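Heads up, the next two complexes both have chain A, just with different partners, chain B and then chain C.
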Partner chain A sequence: MQRSFAAVGILLSGAGLFWLSLYSWSPFTLTATDAWNGLVHQGRVGGNMAYIVAQLRVPRAVCAALVGACLGLAGALMQGITRNRLASPSLFGVTAGAALGLALFSTGLVAPPFAGGALLMTCLGGALAWFTVFSLGGAWSPTTAQGRLVLAGVAVAALCAALTRLTVILVEAQAQSVLNWLAGSLANVGAAQVQLLWPCTLIGGLWALWCAPRLNLINLGEDAARSLGVGIASLRLQVFVASLLLVGASVCAVGPIGFVGLIAPNILRQFLGNDYRWLIPLSATLGAVIVLGADLLSRAVAFPVETPAGVVTALIGAPFFLFLARRAL
Partner chain B sequence: MIRPRLRLWLLLGLLLLATLVSLSAGTLWLTPQTVFERLLAHDVLDFEVWNHRLPRSLIAILAGAAFGLAGAIVQGVIRNPLASPEILGVTQGAGLALTVAIISWPHLPITWLPLVACLGGAGGALLLALYNTGVSFSGVRFALSGVAIAVTLSSVTEFLILSHPLDINTALLALTGSLWSRNWHHVAMVLPFLVLIPVGLCLTKPLNLIALGDEAAHSLGTALSRTRWSAMACAVLLTSLGVGVIGPIGFIGLVAPHMARRLVGGHHQYLLPAAMLIGALLLVLADTLGRTLIAPSEIPAGVLTAVIGAPYFLWLLARFRG
Partner chain C sequence: MRMLRSIPTLAACVLAFSSSLLSAAPIDLNDGQHAVHLPDAPKRVVVLEFSFLDSLAAVDVTPVGAADDGDANRVLPRVRQAIGQWQSVGLRSQPSIEEIARLKPDLIVADLNRHQALYSDLASIAPTLLLPSRGEDYQGSLKSAELIGKALGKSAQMEARIQKNRENLKAIAQQIPAGASVLFGVAREDSFSVHGPDSYAGSVLEAIGLKVPSVRANAAPTEFVSLEQLLALDPGWLLVGHYRRPSIVDSWSKQPLWQVLGAVRNKHVAEVDGDSWARNRGVLASEQIAEDALAILKGGKAVLSQ
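Right after this comes the complex of A and B.
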């Protein structure tokens, strides 16, 4: 019962934020009517303002929702497989690694010359970061302190951020652009990013749902899960690939947006317990709500200048991390 | 014990050599002989060496030494090999304070920045102390809490910088962690180090006693909590002053003491000077490399120290059991 209430509440707030983000805090004066015309008639009715909504605002809002869903799913998957509540793409350095891959691609230093090259590079960067964190942090040893992985992740993230800065400096030598690179902004997304995001979100989401029952068993302890017939190694590999795809696609579309994967599953755990069959789909929804809200805030705080949405999520997420770290100790 | 002392002299020699290289290297390469001639003649031609490279090298030496010393003191007091000023939130606290000051009072004279940074650094350290009341200072837990504080503070900094794009340039100049465009005015700002560094070196004996364990140190007559507080205050001041002048440069305070320990062992009478020398050496090298690798543009020294320091931290973490 509580679960259904939570689900309905999150969906409603998501829909509300989506609607609001279509017309509020825009440098043009947009009204709800323009938003309606842009959304329903795709800008064919209602003149220039409706056209702006259809061409810029709708893709942006859809993108925000999809990115949030990707990150929420990835966070839930990573927390499930490591049984570590601090696990998340940003704290394990995966986001930073993916951003490094994107920087290498966009500056043309390492750019595979085929379609999807950017996605490949972000996934590779994320995979490398994840692999480093897990092998040096002792991820699979039964005695590992939870914090060790996070420390390794933060160090890898610092390394990747420095390398990203280096890459961008080598090519552009402008500090301002480096900051915007590393911050994750939804200001320039369009239909192309939506085209990239929705298949990845769909595949990753379905895959995550398929893994959910086995993550519940892992939660009982790995020995118990093994004796109940879960192939641990295969599950780890699947979770690894699925979350890389999700994080890689989101970074590829909008840059690194941190802490969503940490916040969403942990809030839901308060209401839903540890049942991943509910946690996973609702993490995706709550992640979408968070990124939509962060995007709205990012336009509102210094209107009409846009602050990158990734900075807003970090501002909310870092104190949350502080709170969780205190509890995990 | 002749060997640690000999190694200290060797380190000093290396530092002098590195400084000489950093005076000669840059977009315009000079021979060491020319450098000397120009420094002595002090005429029109010496603009580059006298007004750009010499102050930069002096600041790099002093700030690097301060970071190294602060790291050694922190590790000595907390007895945690993962501790360092940037993991205690000091570096980020100082960075946040600088950002707030630059954004709220754009006309603040730069000589005030070190003071602001010291307040911020102390604030960061106090925040960590409050957060950890009643928890032991050792192990991964402590390092994790420090990282959480550091991440929080730096997220606020980043938010402030990016939501005030118009005032951003001064803030960025102060916060990139680079020695670019530092001159004799900035050298005047790091002069307090000449007092603080000897004060830090005076902590040799209490740090040696603390290394024996709390009970032994107590029974040998150390006022434990007073020593801890004053040592930490010294480390905070050393780090924040450095951050106030050249911006947050990470990982030197972590790496230098470890390298020093491998070179001269754990006695603080050798460890502290060695950490200072290594810190200075690292920063001078990072600065020199940063301005020669892709001359005429520059890689900020903080980027290079992170590229070297983060893998070192990972390696430490992989070996650390506790």
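Right after this comes the complex of A and C.
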């Protein structure tokens, strides 16, 4: 019952924020009618304002929701496989690694000469960071303290940030562009980003749902899960690939937006417990709610100039992490 | 006997020393941060911003070194022609202190905005002027040029050049359609930053009688805008400097919404050289911007400075 209430509440607030983000904080005077005409009639009726909603606001809101869903899913998956409540793409350095991959790509230092090179470099950067964190942090050892993995994550994230900075300094011509993108902004997203995000979110989301029952068993302990027929190594690999796809796509589309993967599953745990069959779909929904809200706030803070949504999530996420770390460590 | 023989040499030395003392004209000035004392008009100057190169070009002084991001093509072509070759001392954001020291300068001109943290290192090499450059507007850059003229011992020449610059801009203002709204912006791969009335290019455009729209009250000199904000600004003329192709403006221009912009419908969108308009400031840069604007607004097409 509590789960259904939570699900309905999150879905309703997501729908509300999606609707608001179609017409609020615009330099034009957009109305709810423009939003309706833009969303339902794709701007074919209602003049220029509805057209602006259809061409700019709808793709932006869809992008925000998809990015949030990707990060929420990745956070839930990472927490499930490591049985560590502090696990998340940003704390494990995956976001910073992905950002480094994309910085190398966009400055032209390492640029595979084929389509999809950006997504590949982002995923490779994330994969390398994750692999390093898990090796340093002794992730698979049952005796490892939770804090060790987080420390390894923080160290690798700092290393990736330093290397990204070095990349920016070496190729100063693109510096400003990369710095903007590193702040994680939804200001200039459009149909192209939606095209990149939706297949990755769909594949990653279905994959995560498929892993959910086995993540529940892992939660009982690896020995118990193994005795119940769960292939631990295969599950780890699947979660690894699915998370990378989700984080890679979101970083590639809008830059690194931190803490969503940490916040969403942990809030839900208070209501839903550790059942990943519920945690995974609702983490995606709550992630979408958080990024939609952050994007709205980012437009409101210095209106009509926009601040990056990544800054807003970091402002909310950092105290949340400290609160969680006090309880979990 | 030996002492007697060395007297002429000694006398020659004393004479040479006293004559150098007599010809030396010490220069004292204050850059707003520090009092700077120069024993004589400097001969080996190192500058760390393009606007300072512009000031040197205005009085025909060639620096021994300049921070040019390792790419001399970023410097305004007419500045390059005026001053010839210099030695690169690295990036404007991070100039090489060792390289600067190796050139044994007798004056360094650095940017108050970018190089304040390096001041003690620079001052230990040579007397250093810290002048505002990045984020400076037209009038401010003329003040910096005046101070550089004074530091070089060429005050009169610089003042005459600044006067000529004011006359040049005035002559252009008389030919340009007064009050036309013109917005200049720099397009990168994924961002578009507009240069408002307080930016360098914006203030030059206003100096020649054009109107530069502002993103908001108390806006920063340059602000990043989305397509939605650009549509709301709806300038009469849109001048774009592309730092990288394809840029965000290239992708915006493929969207149907791009046609909503008044400047697009009236074919008032033109391309300008981003380096000349956004990275260079100073006497020569302002003339380049004003001449480009005149050519575009009168001819209605892009003029790329070469």
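Structural remarks
Here is the rule we go by: the second predicted complex is superposed on the first by the 322 of 329 C-alpha atoms of A that agree within 3 Å, B and C clash if a C-alpha of one lies under 4 Å from a C-alpha of the other, contacts with A are read in each partner's own complex, and residues count from 1 in each chain.
Everything below uses one rule, namely that a residue touches a chain if its C-beta (ideal position, glycine included) is under 8 Å from a C-beta of that chain, and two chains touch if they have at least 3 such contacts.
Note that the structure is a prediction, hence the values are computed from the model and not measured.
Partners chain B and chain C, once the complexes are superposed on chain A, run into each other and clash.
By the touch criterion stated above, A:Val312 is placed in contact with chain B alone, chain C being left untouched. By the touch criterion defined above, A:Gly190 reaches chain C but does not reach chain B. By the document's definition of touching, of the two partners only chain C reaches A:Pro304; chain B does not. Judged by the touch definition given at the top, the superposed model places A:Pro27 against chain C, while chain B stays out of reach. Of the two partner chains, chain B and chain C are each touched by A:Ile169. Once the two complexes are laid over each other on the shared chain, residue contacts for A:Leu56 go to chain C alone; chain B is not touched.
By the touch criterion defined above, A:Arg327 lies against neither chain B nor chain C after alignment on the C-alpha atoms of chain A. When the shared chain is aligned, chain B comes close enough to touch A:Gly138, but chain C does not. In the superposition on chain A, the chain among chain B and chain C reaching more residues of chain A is B. Here chain C runs into chain B after the superposition, and of 27-35, 45-53 or 117-125 the stretch doing so is 117-125. Residue overlap on chain A between its contacts with chain B in one complex and with chain C in the other: 169, 173, 175-176, 180, 305.
Within the complex formed with chain B, the chain A residues making contact are 132, 136-138, 145, 147-148, 150-152, 154-156, 158-159, 161-163, 165-166, 169-170, 173, 175-176, 179-180, 183, 301-302, 305, 307-308, 311-312, 314-315, 317-319, 321-322, 325-326, 328-329. Residue ranges on chain B touching chain A, taken from their complex, read 82, 131, 135, 139-141, 143-145, 147-149, 151-152, 155-156, 158-159, 161-165, 168, 172, 176, 250-251, 294, 297, 299-300, 302-304, 306-307, 310-311, 313-315, 317-318. If you check the complex, the residues on chain A that touch chain C are 26-28, 48, 51-52, 55-57, 106, 169, 172-177, 180-181, 187-188, 190, 192, 303-306.
Residues of chain C touching chain A in their complex: 69, 71, 91-94, 188-193, 215-216, 219, 223-229, 231-233, 243-244, 248, 251, 255-257, 260.
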